[in-house]
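For reference, the structures are reproduced in the following blocks.
Here come two complexes built around chain A, the first alongside chain B, the second alongside chain C.
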Partner chain A sequence: MSLRAASTFFYRRPNWYLALLLVPPLLWFGTVYLGSLFALLAQSFYRIDDFTAQIVREPTLATYRQVVTQRANIDIVLRTLTMAVAVTIACAIIALPIATYMARYARGRMKAFFYVGVMLPMWTSYLVKVYAWRLLLAKEGIIAWVFSKLGLLGLLEAALETPGVGGPSLSSSYIGMFIVFVYMWLPFMILPMAAALERVPGSLLQASADLGARPAQTFRNVVLPLAVPGIAAGSVFTFSLTLGDYIIPSVVGAPGYFIGMMVYVQQGTAGNIPLAAAFSVVPIILIFAYLSIAKRFGAFDAL
Partner chain B sequence: MTAAIEFREVSRIFGDVRAVDDVSFAIEPGEFFAMLGPSGSGKTSCLRLVAGFDSPDRGQVLLDGSDVSSVPPYDRNVNTVFQDYALFPHMNVLQNVAYGPRVRGASLQEREKLAREMLDLVQLGAQGGRRPAQLSGGQRQRVALARALINRPKVLLLDEPLGALDLKLREEMQIELKGLQRRLGITFVYVTHDQGEALSMADRVAVFNQGKIEQLAAPRELYSRPATAFVARFVGSANVAGATLAQSITGAATPFAIRAENISVHGENAPAAANAVSAPGSVVAVQYHGAASRWQVKLDAGDVWSALVTEEAARSLIDLAVGARVKLTWPRDAAVLLSPASSGS
Partner chain C sequence: MRFSKQWRPDHPSWLMRIGAFCGLAFMHVPVFIIILYAFTTEDRTYRFPPPGLTLRWFEVAFARADIWSSLSLSLAVAACATAIAMVLGTLAAFALARAKFPAKDSLTVLFVLPIALPGIVTGIALLAAMKLADLDASFVTIVMGHATFCTVIVYNNVIARLRRLPPNWVEASMDLGAHGLQTLRYVLLPQVATAFLAGGMLAFALSFDEIIVTIFTAGKERTLPIWFFNELFRPRDRPITNVVAVIVIAVTLVPILLAYYFTRPDDEHETAR
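Entry: the complex of A and B
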């Protein structure tokens, strides 16, 4: 069959054309991606035999029971969840003015500068950035130095003495870990938010002012609700990335385990694949819960 | 009586473009005022100056006698119907209409009552619970109108409000808008590039060209006595003779305009009528429009003119086809003399 005949064949039969386009990636997606996900899910319903350290391949909820009843495991989930929520809120607060400026005010070169500036950190190695932050946050690091030069060392020390989130230095406290998480995931919040705000026609803001709304009212009644789908999209990134990350908590911050570290440790040195699998299911459940709450509050209504 | 809107020597300059170039005019309270012109002629820039989305570089904009050049839109008693309607997509119709009273601090009960009244006024009383995306173009148009009228503005600005509607709906809305304006007694400022719309609705029309007003007059005067070549061409697409062409046709170098419906087409050798002017040429195209057809004729002196020929008159021209030699004639007094200054534009 000549190329022309093939073209005609597919032009006349759009479904065949669609099949040609979709079947290869769907096969790949289905087997490699979903397949491994279901394999993981299946593993979480096995358990490990405490004496032989062998995996018992019988369906059981014992491993999940271990996650939700043992105090240490509950702490890990709560610790990770609290961090993810805090990081998401902080990212949203910092991103909103930046995204608003990028989408609604910056023009030409300034706009390009901001977009590149936001994405630039993502082009360097993740590990380099994490280790760089450990140095920045260290007791003798530049941040502590700036505080001491400004005569504000007392303030920093007071913050580090806060029970629960403090520590001997920023680099070994949850405050430091929080700062690194916010830094790392901020672009993932700014970009979808800016994209949502770019789509808001300028005439909507003019209409709001025209009807008597002061700029603050326009922001609250028009800009913010229309940015919500972007905030929701961004927060799914920041929330899920924080829930799953294991490098930042192991390089920066207090010694307590996070979900990602637990998965890493259990499937590696401990060899407890079922527990690692059960822990990986926790973020999936939390994100589903988060999405359904967001939907209930109408986050996706303007889509 | 204080003018509802007054422009005093207003200029608005973007870079080296004079969007509004030293414009002065006054609009009376209760007037239906149209700003007519091609895109980029300055009409929308003037509207933005009235709404307060923009401020003049020079001159003053007065609303009800006071200078508002630096007053923001939310402190002006003026409301706008936007070209794209600018309905808030995340609010339903009732919330959209109630937005004005809401940001001005009205209680929920009060503003919803007002909004229902406005929706009844535009015959959309039953659609309050719908989202703008669920409405047709014509319905969105009415919501935008209700939303703009709810604050009881002294002046309503309409920026090409019917541009997105189909012809039949547009004609219905024209009648409705005119009726609404008469009932409410509000000053309407209506921006459009459609001369038919401006002529059929407005009390007075300002024709804009390159940031300036070419002519400000009542529709009938604008049509029958265009002051410049631009107005003659833009309003009702008249044939315009510039100085050179006028010289070769009439012997005098005064530019003039002549409407297509005043020109009749004759065979080359037809006898000249008394008090008529004629110009020879050849037929370029004939477009049939039903009651009449439009004949495009290239004059020997250069320009292509058009003549509107009724079906009755066309019967005697049955043997003339494209390329045929003809003579265009018109009564001497049907020609409108134009001011020579701008005849070139």
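Entry: the complex of A and C
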């Protein structure tokens, strides 16, 4: 009876009930997560002493100045941003037919097949997938083998000689890195896009057809605009994941640094936590800016 | 009128069909390749096609003590992180599913922030906090990091289910004389149970192969992904790395399939809505 009394007590007092539920997760997130983010922010306002290599715990903007004024650091930010935008666009293009097919056409078993087919690689170990691409992209690996069997090795070599994005082999070029990024984040684009398309009422498509639109016109003028919130939601993931990744650029690498690599190297071998912290504030700012854009396209309604 | 050219919901164009199936194949080829490479007799390069097939590397890998200790550490971390996440994530989801209060929107953002921000931010933030608090990296710090983003996974799964639940069910239960605990026991929990389990499964799979955050919080501890990560940069045992890759795929496959099974769209429910 006392349990019953307690439950009635909390039912009558929704605020107490809410507090009872919220206190444990809030304590955890408040101390572990927000606490850490504030520690990160604090560290980014410290600096490292050039002579002793010790962290000087006095508030200063010197570390941020280093990030925004040094040419090499600006290049790192621009390089990462360019890659994130390119990967997001490529993911949206490749995801569109898959998402449309699985959401609008596939039925029953075929639909389940597609959903499982997208979910499995998405949840398969991140490192294993990166490793698999190293095997695929290696000079003696399967992609080079396929190209040589097709007699197209010249084409591959021509692509690798492209200045700026090429390299000695696929596994040490920006082309290879781009392919791996697109592969890794593709499911994160497909699923929100498919969810948005699932919600499109079939009557809209019939109406479009009744009004004389050909399939391509219906797709462009009806389906595509309705997929936009899904694309926006998916792009938040592809954009954010690319900005922060440091493993893919180091495993499938061209020589240039990326934001994540810079953070990793600075905190590790260089022991410069303030610079690593200041650098990691860059993707946070970029993502909040991106979120505010994505929100206008309805990204949060599609999640 | 060209009826054949009209939009027919059951007939996609060939272009779309090819795009969809090629895209799906693209997502699976690397996984099959990794499984194939675990059996190759070649132990120095990534030559394709493999010159021969063997089971030898599985035997060699199973005899390695370092792999077993990394595997058991990863399983222990995943179990602890999942347990914490299932409690915290469910509490948060129940609190935020229906209630309306001023700070709700900020809390919603807070509870998804660990996956909306790149993993490296969480990682470096935890490290920065550990340095400021003079806390040494250990099993506990790994679990703290993992539990944080695992909570988000459980929260997302449970809150999605709670939001789909018609709100009048709870009222109906109360009207019929059930008190709060009975309503929880007979109405809410049966509906949420599968989402709760699916969230736990996914959290386990996520924690088991997490690397981005773990590197910052692990110190000298070596989870299986950290073992794998070191091999990626200083390859010493390529054939064994291939075998470990297959083990990792196998360990995560079961919880993922279970999670899908628990949350698969229920056709009757879909049409009833």
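The rule is short, and it goes like this: the second predicted complex is superposed on the first by the 288 of 303 C-alpha atoms of A that agree within 3 Å, B and C clash if a C-alpha of one lies under 4 Å from a C-alpha of the other, contacts with A are read in each partner's own complex, and residues count from 1 in each chain.
To be clear about the criterion, a contact is a pair of C-beta atoms (placed from the backbone, for glycine too) under 8 Å apart; a residue touches a chain by one contact, two chains touch by 3 or more.
None of the values given here were measured: they were computed from a predicted structure.
K.L.:
Have a look at where A:36 lands relative to chain B and chain C in the superposition and call it first, second, both or neither.
P.N.:
It touches chain C, and chain B stays clear.
K.L.:
Look at A:94 in the shared chain and tell me whether it touches chain B only, chain C only, both, or neither; answer first, second, both or neither.
P.N.:
second
K.L.:
Have a look at where A:206 lands relative to chain B and chain C in the superposition and call it first, second, both or neither.
P.N.:
After superposition on chain A, A:206 lies in contact with both partners, chain B and chain C.
K.L.:
Scan A:296 for contacts with chain B and chain C and give back first, second, both or neither.
P.N.:
The answer is neither, since A:296 touches no partner chain.
K.L.:
One more residue to check, A:225. First (chain B), second (chain C), both or neither?
P.N.:
first
K.L.:
Spot which of chain B and chain C makes contact with more residues of chain A, would you?
P.N.:
The partner making contact with more of chain A's residues is C.
K.L.:
With the two structures laid over each other on chain A, which partner does A:214 touch: chain B (first), chain C (second), both, or neither?
P.N.:
both
K.L.:
Taking the stated contact definition, name every residue in chain A that is touched by chain B in one complex and by chain C in the other, in rising order.
P.N.:
On chain A, the overlap between the chain B and chain C contacts is residues 206, 208-209, 213-214.
K.L.:
For chain B, which residues are in contact with chain A within the complex?
P.N.:
It comes out as residues 51-53, 72-74, 78-80, 82-84, 86-90, 99-100, 102-104, 147-148, 151.
K.L.:
Under the touch definition given earlier, write down the residues of chain A that touch chain C in their complex.
P.N.:
3-4, 7-8, 10-11, 14-15, 18, 21-22, 24-26, 28-29, 32-37, 39-40, 42-43, 94-98, 100-102, 104-105, 107, 112, 114-121, 123-136, 138, 140-142, 145, 183, 186-187, 190, 202, 205-206, 208-209, 213-216, 218, 236, 240-241, 243-247, 250-251, 260, 263-264, 267, 273, 276-277, 280, 283-284, 287, 291
K.L.:
For a test of understanding, state which residues of chain C touch chain A in their complex under the given definition.
P.N.:
Residues in contact with chain A: 5-13, 15-20, 23-24, 26-31, 33-34, 37, 45-49, 84, 87-89, 91-92, 94-95, 99, 101, 107, 110-111, 113-114, 116-122, 124-129, 131-133, 144, 147-148, 151, 155, 174, 179-181, 184, 202, 205-206, 209-212, 215-216, 225, 228-229, 232-233, 241, 245, 248-249, 252-253, 256-257, 260, 264.
K.L.:
Can you list the residues on chain A that touch chain B in the complex?
P.N.:
Listed in rising order, the residues of chain A that touch chain B are 201, 203-204, 206-214, 217, 221-222, 225-226, 301-302.
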